[in-house]
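Below are two complexes that have subunit A in common, paired first with subunit B and then with subunit C.
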Partner chain A sequence: MAKFKLPGEFFAKELHGYEFLPFKFHRLKTGRVFVSNIVGEWLVLDKQTFELFISSSLKPAAAAYADLRARHFLLDRDSGVAVDLLTVKLRQRLQHLRSVFGLAIFVVTLRCEHSCPYCQVSRQSDDRASFDMSTIHADAALKLLFDSPAQDIKIEFQGGEPLLNFELIQHIVLKAKRLSEVNGKAVSFVITSNLATLTDDVIAFCAANNILLSTSLDGPPELHNKNRPRRGGNSHQLAADGIARIQSLLGPDRVAALMTTTKASLSRAVDIIDEYRRRNLHEIFLRPLSPYGFAVKTNWFKAYDQMEWLQFYREGLRYIIDLNKCGERVIEVYASTILGKMLTSRPGGYVDMMNPAGIGSRVIVFNYDGYIYASDEARMLSEMGDKTFRLGNLSADSLADLVLTDPLLDAIEETVLESVPMCSDCAFQPYCGADPVYHHATQGDAVGHKAFSGFCNRQMGIFEELVELMDTDPEAARILSSWVRQ
Partner chain B sequence: MSSVCTLIGDWSATDSSIVGEVVSREADKLTIDLFFGCARKSIIAYFQPPAAHLAAQAIALPANISHLSVGDFIAIYPKIGKLRILFRKASRSNNFLVTEVCDNYCLMCSQPPRNVSDERLLDEIIAILPRLPKDLHEIGFTGGEPMLRGEKFLRILRLLRDELPATAVHVLSNGRAFSRPDVAQSWANIRHPDLMVGIPIYSDQSDIHDYIVQADGAFDETVRGVLNLKALKQAVELRIVLHRHTIGRLEKFAYFVARNLAAVDHVALMGLELMGFAIAHQDDLWIDPREHAEALAQAAQTLHWAGLRVSIYNLPLCVLSPDARLFAVRSISDWKREYWPACSECSLRNQCGGAFFSSRQRMEPYITPIREHAASPNPGN
Partner chain C sequence: MFEITFAQEVARLSAVKKAAYRLAALCDIDIQATPSGTRCELRPTTDTSGAELVALLRATALDYELREEIAEKTSAFRDGLLALAFAPLTRRASEDGEV
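This part shows the complex of A and B:
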């Protein structure tokens, strides 16, 4: 047997120290330091190690040296693959730029039988055909979609309450399926509904066409009904019944629910989560109100600030993690979206948290009146009179006309986070999104000043919360890691 | 593995190997068609002492290959009086040794490399391939390092593509050759319908990997090899053997793979086989399986959560934590596999792949029957 060499002999003898690869850092409240790089690799270091590292004095024997090297914060002479791997990861993270219109929203009607004061889309109660999408517009939208380079299309039906125009949903689904067979494209469907008008016919149609349902559930009955008034005051009952029927007839994973946080929700995080558990819903999206539609007009949006919401979020997240520690698998969707970007090299697909912004590229909205918008929020804004992100009209414009409009391209270009003031220095930037529509709505400018951005405050609060949890509680770290599984 | 045999008659004209196929067997008497390395002819081989009226050429076979049957292929080495079974028809997975030469020199290599001139091994394989059953499920190639045989080895893969297109092909390679883009490209150009290369990476640290494979610079070449293959959409499996030098950073290694090499098609976390160099180094390499159960479970989960396909090979279910059992695969060949008397009391006995016979003694203290109902293995894949 030839002589075997010892471990030390394989470490480059003349290291001549190390070079830095680009990174950013953020001091945590705990005194420790969060470091991240352009592809989203990260580490938390104690202050002393961090200072040794940045003064080029960290020794290869230090425990953190190997971690900093493996996560591509430093480069030494022993290995040169860091640059190859950073290239691959960067390409992967930007992969979403290749797939256009992964999400196509059809607003089949703006009518609704609910009258929620926080409604962000300014629903109409009039039983008038002028708020329904026409078949001609629906067909034109499908043609545009299937003529586009999109390969994997998710069609989401929105409203108003889309089930009030169920005939059009049926028409679109059947036609989209025919088109997908002809064009070899994949298509899937989601109906976003309050379930108040859910019928057996709808369920049968969803079963036959593999359609997912997404609904609103704000919490226990009194909270939900206060947030979501309708004639009869039975919104919660109808939603809960609908959820149960879908779960038993279509399958436990065929319905998802979303909650919206109002001032009345703030003290009730645990009750809200328990309500989801009672309904066998194991994914909870703790969502703040957005500054659109009636939520602004009624001042509900201004009823609490981001700090209050963050307090609510922290309480909810801690409770969900405790449930997981006791063996019950419950996922908080906001966190899982961020964690997907923190713990894998996948691009995140959630439009609000994409960089560059996914408006008009990843998502496109066909409104009931034939106008086309760059995102769901863009059409909400338009109902308030601001048409900035209106891309065109189904009767007049070609695909190229729509996506090459200056307001859209400018907004996307200006908000690429790597070049946005404050974002460019932020260690959490790799996990964040641009959301130009939000900043346009709140500050009149797609970039905005992040110090005054509610979006930024909220995101920063969540990032710090998640990092501190993972840094201080290994069991919580395992639980959070498991949420990235898709 | 070769066996000693007795060659009867005049074999002196042959100084290289002769390849033959077993075409009939009656009790202990076999007919073997020799078709490569000499003039075509049939000869007799037998396990029992010869009758008086034997043909001019015959082989007396050793008892340890008494399973030799019709459809099997052997290579005979007249000069040294040995033979090797190249292919067993009844075996679920046949592995061909391509070469004993390797540019790695791994601490735990089960097939220690030798610096020999053994290109004849490839000629034997090329001779056999057209005669193999067309419905063959799977075929494997090992070394040494097959890619050190370059173009000649790729010729074998092209031959398989044409002769046995329905047969899955698995090649074990250290991946270093693929760091050259032209090599990766010629691999991709084969356009084999079902070809996978299994490549070992042992650490997220270059110096640890290079130490384990005893070759400076190997880590960078192997990583670049994997990247080049995946850029060409070639199927790649990563393999990591669990021992003292890989276990320390196992979870971090899993994270490194999930983050940097997520495009690979499969990751195998493999228990150590005490063969070859691993025997000599066992005191250094061996780790208490219970001690590393948690790290192994976390590594498998980290990969699984990130969306990779993961399997745990070569470890009995009772030394794995319940979270890890979901990934366990019955990977050890029947003839190398070991169970214990206590295993008959285990409720998971039928799902368990056992342990290597070679690690029987080392594993024994940790074998404990499981008395519960657990989930069926590997739903994640």
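This part shows the complex of A and C:
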């Protein structure tokens, strides 16, 4: 006799009425109720329908009944394949667990000619020996990466200002391409740059090697230059010129920009979005300050709270949706990422939004000094003196040494949302992330108390905003759905 | 200080504890198990009034009680789905009716 029942026997029951499949709920400020299930399918119900549903009194003829059955909230006599479908969708939602190192960040230098008060890590220095990555370390990182099980690798160059060590970028790109051919692995490249030192040689190299560029654009000139000071006070001009040259020479989709919200940004959501439109940038990532590095030392991180940022985000999002209603396609990237998780079974590739956390598994950071970190935020934390998420060193450690360290495994295991207080009962859990580094940095604990978590407050605010928009405004719902990448 | 007592039949202790945890940014809550139920003493730590906090705790605890009931009723499905999702894709011969 088999020790376990077969799946068909396990789930088979003579049904009268309906049974619940696992689901969670969240009461919206509108009085309606958001319900989601184990694979992230969701519905918004009016309160009366919700009460009928949970009291097992909802009639099959009710308008919501078919939706609840189709989206796997209830099981009745006609739900023959519900369990199989849920299993397949759950597998798909967890597929990221099978892949490693989708993103490898190379910090080729810590040097930068900007002195942004909110920056996490950069140094104004000409000391290449102290702050540039060596070729030996770069080669060791590539070996580790291409010896790993990773199949589809995105290499992102960061700094400091990575173009200040462009020679090493060239070396890494050319060597990675050779290794990808030998190993049969896909590789792509992104340079994250302020574009102040962009040259024709850089653009030509990016063209020849299919390299994307990502830059910072905080808004109109006076706001951008205030946030991002450099000698000459011309950061905005250089960024705008760089964006225009890349768009002209490489193509309009070869450069992306993102902004960081400072206190001075809060009242200027519309101005910031209009600046992006002026630069022919049709995707904007409305991003709050992170609690790391100089942003903490200079107290810029504390200059506003999450509620103020959420107000800024809502204003920006509503403006962007209005632009779309007028026929102009503009996308808010963070909303697009969340919607991808809400409207598809795909897990999404944004590390902060992964569950279990993607630190040290989906992303790995090779720092300029040879040390290896579990995420970009982990190396920023390290610059503040906290080495908790430092995995090892390129000179000494093997792949197994790196990914099997106790601090990393403990942080990932402890922060799996299904077992975290508050998260375990949260209806937005299927779309959220663990972000242990944030909670370690702000609360000294990888799990953190979510009632005091800025991350949780921000996420909840955005989820509620998106759900309420989709629930109350059909045109906004259509626009938001169109933002999901195919 | 403000207080409210939950009869066990209305909200189990774990539901009240979860509700108190969720409201931790608004007030301190002492929880005591008494013969008449779970007694909560609330001390506001923000501008939210005591009456509002009591109402909020009551509503939050009842929602957590409902979540516990739903979780109980669906735990077999949840465990089965997770087991199937993480199981190998290859079917065992016995599942196909072969011996």
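The rule is short, and it goes like this: the second predicted complex is superposed on the first by the 463 of 486 C-alpha atoms of A that agree within 3 Å, B and C clash if a C-alpha of one lies under 4 Å from a C-alpha of the other, contacts with A are read in each partner's own complex, and residues count from 1 in each chain.
As a convention for this text, a contact is a pair of C-beta atoms (placed from the backbone, for glycine too) under 8 Å apart; a residue touches a chain by one contact, two chains touch by 3 or more.
Small disclaimer: the values here were computed from a predicted structure and weren't measured.
Look at A:344: by the touch rule set out above, it reaches subunit B but stays clear of subunit C.
Looking at the shared chain after the overlay, A:451 reaches subunit C, while subunit B stays out of its contact range.
Judged by the touch definition given at the top, the superposed model places A:81 against subunit B, while subunit C stays out of reach.
By the touch criterion defined above, A:62 lies against neither subunit B nor subunit C after alignment on the C-alpha atoms of chain A.
Judged by the touch definition given at the top, the superposed model places A:38 against subunit C, while subunit B stays out of reach.
When both complexes are overlaid on chain A, the residue A:485 reaches subunit B alone and has no touch with subunit C.
When both complexes are overlaid on chain A, the residue A:179 reaches neither subunit B nor subunit C. Once chain A of one complex is fitted onto chain A of the other, the partner contacts of A:20 are limited to subunit C, with no touch recorded for subunit B. By the touch criterion stated above, A:477 is placed in contact with neither subunit B nor subunit C.
More subunit A residues lie in contact with B than with the other chain of the pair subunit B and subunit C. In the three-chain superposition model, subunit A touches both subunit B and subunit C at residues 2, 6-7, 10-11. Residues of subunit B that touch subunit A in their complex: 105, 107, 112, 204-208, 210-211, 214, 216, 219-220, 223-224, 227, 245, 249, 252, 255-256, 258-260, 262, 277, 280-281, 298, 301-302, 304-307.
Of all residues in subunit A, those touching subunit B in their complex are 1-2, 4-7, 9-12, 41, 66-67, 69-71, 78-81, 84-85, 88-89, 92, 343-346, 478, 481-482, 484-486. Only residues 18, 21-25, 63-64, 66-67, 70-71, 73-78, 80-82, 84-86, 94-95 of subunit C touch subunit A when the two sit together in their complex.
By the touch criterion stated above, subunit A contacts subunit C in their complex at residues 2, 6-7, 10-11, 19-25, 27, 38, 54, 75, 83, 86-87, 90-91, 94, 421-422, 425, 449, 451-452.
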